[in-house]
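Input: structures, listed below.
One chain, chain A, appears in both complexes that follow, with chain B as partner in the first and chain C in the second.
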Partner chain A sequence: MDKQLQDKLLELFTGKLSRQVQLYLDTCSRCGVCSDTCHVYASMPIPKYTPAYRAEVVRRIFKKYFKAQGKLLPVLGEAKILDETALDELKEAAYSCTGCRRCMVYCPFGIDTQQIMSIAKLLLIGANSEPEILTMLADMSISKGESIEESKERFIEGLKRLETDVIDKWKIKAGKTPIPTDAQNADILYVALAGAHSIVPAAAIFNAAGENWSLSFFEAVNFGAFVGDPAKTKLISDRIVNEAKRLKVKEVSICECGTAFRVMKHLSGPQPFKVSSLTEVHARYLREGRIKLDQSKFDLPVTYHDPCQMARNAGVIDDPRFILQHLTDDFREMAPDPKYNWCCGGGGGLVALGEETLDFRMKSARVKADQVKKTGAKILATACENCHTQLSDLNDHYKMNVEVKFLSSMVADALVH
Partner chain B sequence: MTEQLNSDKELDLKGLPCPMPIVKVSKGIKDIEIGQVLKAVTTDPGSLNDFPAWARSSGNEILDTHQNGEEITFYIKRSA
Partner chain C sequence: MDTIYTLILVPMVYLAFFVFFAGIIWRITALIRKPKLPTTLKIYPEKKPAILWALTDTFFLPGVRRNNPVLWFFLMVFHLCLLLLFIGHLELVWDLPMFQMIPHEIFLGNGFLGIILSVSLLFFLFRRFISPTKDLSVPEDYFVLILLFLTVIFGSEMDWARRWYAYEEMGPAEYRAYLQTLLAFKPDIGDVNISGHSFMLVLHVFFGNLFLMVFPFSNLMHSIFAIPLNKLRRG
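Moving on to the complex of A and B:
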């Protein structure tokens, strides 16, 4: 690695060194508690898959360039030079971690490995060594934001083809638009994904609740966050923020996409609107009596997978269970409980990388498959697109014998007229 | 006129959800030479917006798009 690139990467590293991150990098006592908490290590017990090992790859570079001992006596501090080999190790560490933060809740010091891995991801971007697919997808999202006026017509045309499906689920008064867009002063701006599965059930439920809502022109998913690029993450979420401000909406509700929700809720800074997940909105409608559900609609045992970015990392734990109380008499909680639930193994951009990561995703999530099987459930509900894709792959691979369903689609199918 | 477009490679992306059509197209276009044309058929409605945005950000050119029921066909010229 030439000095110019090394200097550039160290500048990027410096930019990530908040007091919080420095504490994480200084603190690890190598107690080993985190090892078994990682689904990857628990499924494939190889030392490089422990959270402490992953963090150590970054920590040794930190010691070499940012600590006096590492600069003067690098051998004593196990300091590591930032070179091509280090980049390979950073990639292995960063892209074998889904950012689920299960290790963090067990760590006696609360070390956030996800934040340490965000340094690794940023260094990889700086060296043009990140998975190029993720950067390509992020660039595509940004490009869409820059040319929204050109694509609005195509988008609205596409929505017209979904209107019949929405009305089939919930009839609306003549003259009302089943999927409104560009509605000024809407109470809710709903940000969906590109597919009909993310739009149709949600639209039917908004209409059933008599909501004053509008569908965003942008998809919720934030590939900038997956690849760990703070600038692109912001550009992608700003598309939605600016639309919400232009329409003067009171609330932005993010579809069943855990990362999109966490980015908007916790990383987009103070905004003049409330941010909620679709799951929280549905629970609210039930509490307020704005929708009613047929509890006999699903007569098979149901379990729920907590998306890490919604539950452990954003606190949406009780609402999905409250909704499920209205959908089934036979809800089976997974063990351990939600805060300590196993990650599905598909986060951190791994699902978006598709077949490239399939073998690793299946091997590294064996504990998740075992956890689901133990419930005896036949319906596996979840509220995240990434998790849904990964759980469907696990269902095929491990023959879990469940039907993987989005919570919102269950709510829409059980609406009582 | 659009029916006469010839392609040098075809990708059947029917049934794949977002973002897989774009993931496969961005890989598939590297299998053809600059100036050659890739034909991609999807059923993902989001691709109507995704493909033009991807083409713009990656420096490629969509020569034609047409729909037949749920199927959407793109002819993409590799330009970068």
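Moving on to the complex of A and C:
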């Protein structure tokens, strides 16, 4: 690696050294407690898949260039030069971690491996070694934000084709728009994903609740966050923030996408509007009696997979359970419970990388499949696009014999007048 | 020999304490000068008050207990003994009536705590020979454990060694006299180098000095960073 590139990467590294991240890098007793708390290592016991090993890949470079110990006595901490092999290791480490932060729950110091891996991801971007698809997808989202006026019409046309599906689920008064867009002063701006499954059920439920809502022109998914590019992450979420400000909405509700929700709610600073997940909104409607559900709609045992970025990392834990109480008499909690729940194995951009990561995703999530099977449930509900895709793949691969469903679509199907 | 003893017992002690405190202050300043991330990194479900839960996490290690009860047991015992021995060392310098509820001359169990510490340290050391901890460990981790082991062994068995020689010749009173001259910056090693078991004291102090000097530059800083880190997790 030439000196110029190395300097550039070290500069990127320096930019990542906030007080918190430096604390994480400064502390690790390599006690190994975190090892089998990672679904990857628990499913495939190879040392490089332990959280601390992953973190050490970054930490060794940190020691080499930022620590007195690493400069004077590199052998002590096995400080390491940043070169091509280091890049390979960084890639392996970062893209075998889903950023679920389960290890952080067990670590005596609460070391956040996801934060440390975000350094690895940024260095990879700096060296043009990140998975290209993710950057491409991120760039597409950004350019869509820049040229929204041109694509608006096509988008609205597309929505027209979904209207009958929405009305099929919930009849609205004549003259009302089933899927409103660009509604000034709406109470809720709903940010969906590209795809009918993310728009139709949600729209039906908003209409059933008599909500004054508007659909965002943008997709919620943040590929910038997956690839670990802070600038792109911000550009992508800013599109939504600006739309919300322009329409003067009170609340922005993020669809079933864990990362998009966490980025908007917890990782992009205070906003002039309330941020909630679609699940929270649905629970609120139920609590306020704005919608009613038919509890006999699903007569099979149901279990719920907590998306890591929604539950452990963003606090949406009780609401999905509250909703499920209204959907079934036979809800089966997974063990261990939400705080310790196993990651599905699809986060951190792995699902977005598709076939390329399929084999790894299946092998690394054996513990998840076992956990689901143990519940004996026949319906596996979840509230995250990534999790849904990954769980469906697991279902095929491990013959889990369940039907994987979005929580929102279950709510929409069980709506009663 | 006398010169070496004196070097270890006086200038090296001063140097060690200087490096220890200066190093820690340097490490903490380096941290505080870094910009703070404005976002939260906490884990849910949250419990209030966060600081109390962060302290509980720091001192009782619930995550470790859940994951590895045997390790948890040794970690708890080890850190507790360390705390008691720290108090014991304070007692060597000052009278702490609070801790004299059970009157004692040689502090706390006549070396018994040291044995427990040594056993725990050996446990920590040997678990580093087994995968995956083996693959995680770096030389620093072994080095620190061995250093601590040596410090503890010579310190805790000092009284046992004393029995082999003239028992009354050198004991806590002499240690105290020596330590107080150090504290007053009028160093005088007095009678601590005359007995046959002085070598135990000198080795204890020697390894202790090394330990103090290594402390700020090693993962031992976890003892200081544990509370802020746990606070981060609790939000």
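The rule we apply is simple: the second predicted complex is superposed on the first by the 417 of 417 C-alpha atoms of A that agree within 3 Å, B and C clash if a C-alpha of one lies under 4 Å from a C-alpha of the other, contacts with A are read in each partner's own complex, and residues count from 1 in each chain.
The working rule: a residue touches a chain if its C-beta (ideal position, glycine included) is under 8 Å from a C-beta of that chain, and two chains touch if they have at least 3 such contacts.
Keep in mind the model is a prediction, meaning the values are calculated, not measured.
In the superposition on chain A, A:Ser151 contacts chain B only, with no contact to chain C.
When the two complexes are overlaid on their common chain A, residue A:Ala52 makes contact with chain C while staying clear of chain B. In the superposition on chain A, contact is made by A:Ser141 with chain B only, not with chain C.
Judged by the touch definition given at the top, the superposed model places A:Cys31 against chain C, while chain B stays out of reach.
Here chain B and chain C are compared by how many residues of chain A each touches, and C touches more. Once chain A of one complex is fitted onto chain A of the other, the partner contacts of A:Ala174 are absent, as it touches neither chain B nor chain C. The part of chain A that touches chain C in the complex is made up of residues 17-24, 26-33, 35-37, 41, 45, 47-48, 50, 52-53, 56, 68-69, 75-78, 101, 104-112, 115, 266-269, 311-315, 317, 338-340.
Of all the residues in chain B, the ones that touch chain A in their complex are 17-20, 22-24, 26-27, 44-50, 52-54, 56-58. Residue ranges of chain A in contact with chain B, taken from their complex: 133, 136-137, 139-144, 147, 150-151, 154-155, 157-158, 161-162, 193-196, 219, 221, 223, 352-354, 389. Listing the residues of chain C that touch chain A in their complex gives 27, 30-32, 34-41, 43-46, 57-58, 61, 63-64, 66-68, 71, 75, 127, 131-141, 143, 217-219, 221-222, 225-226, 228-230, 232-233.
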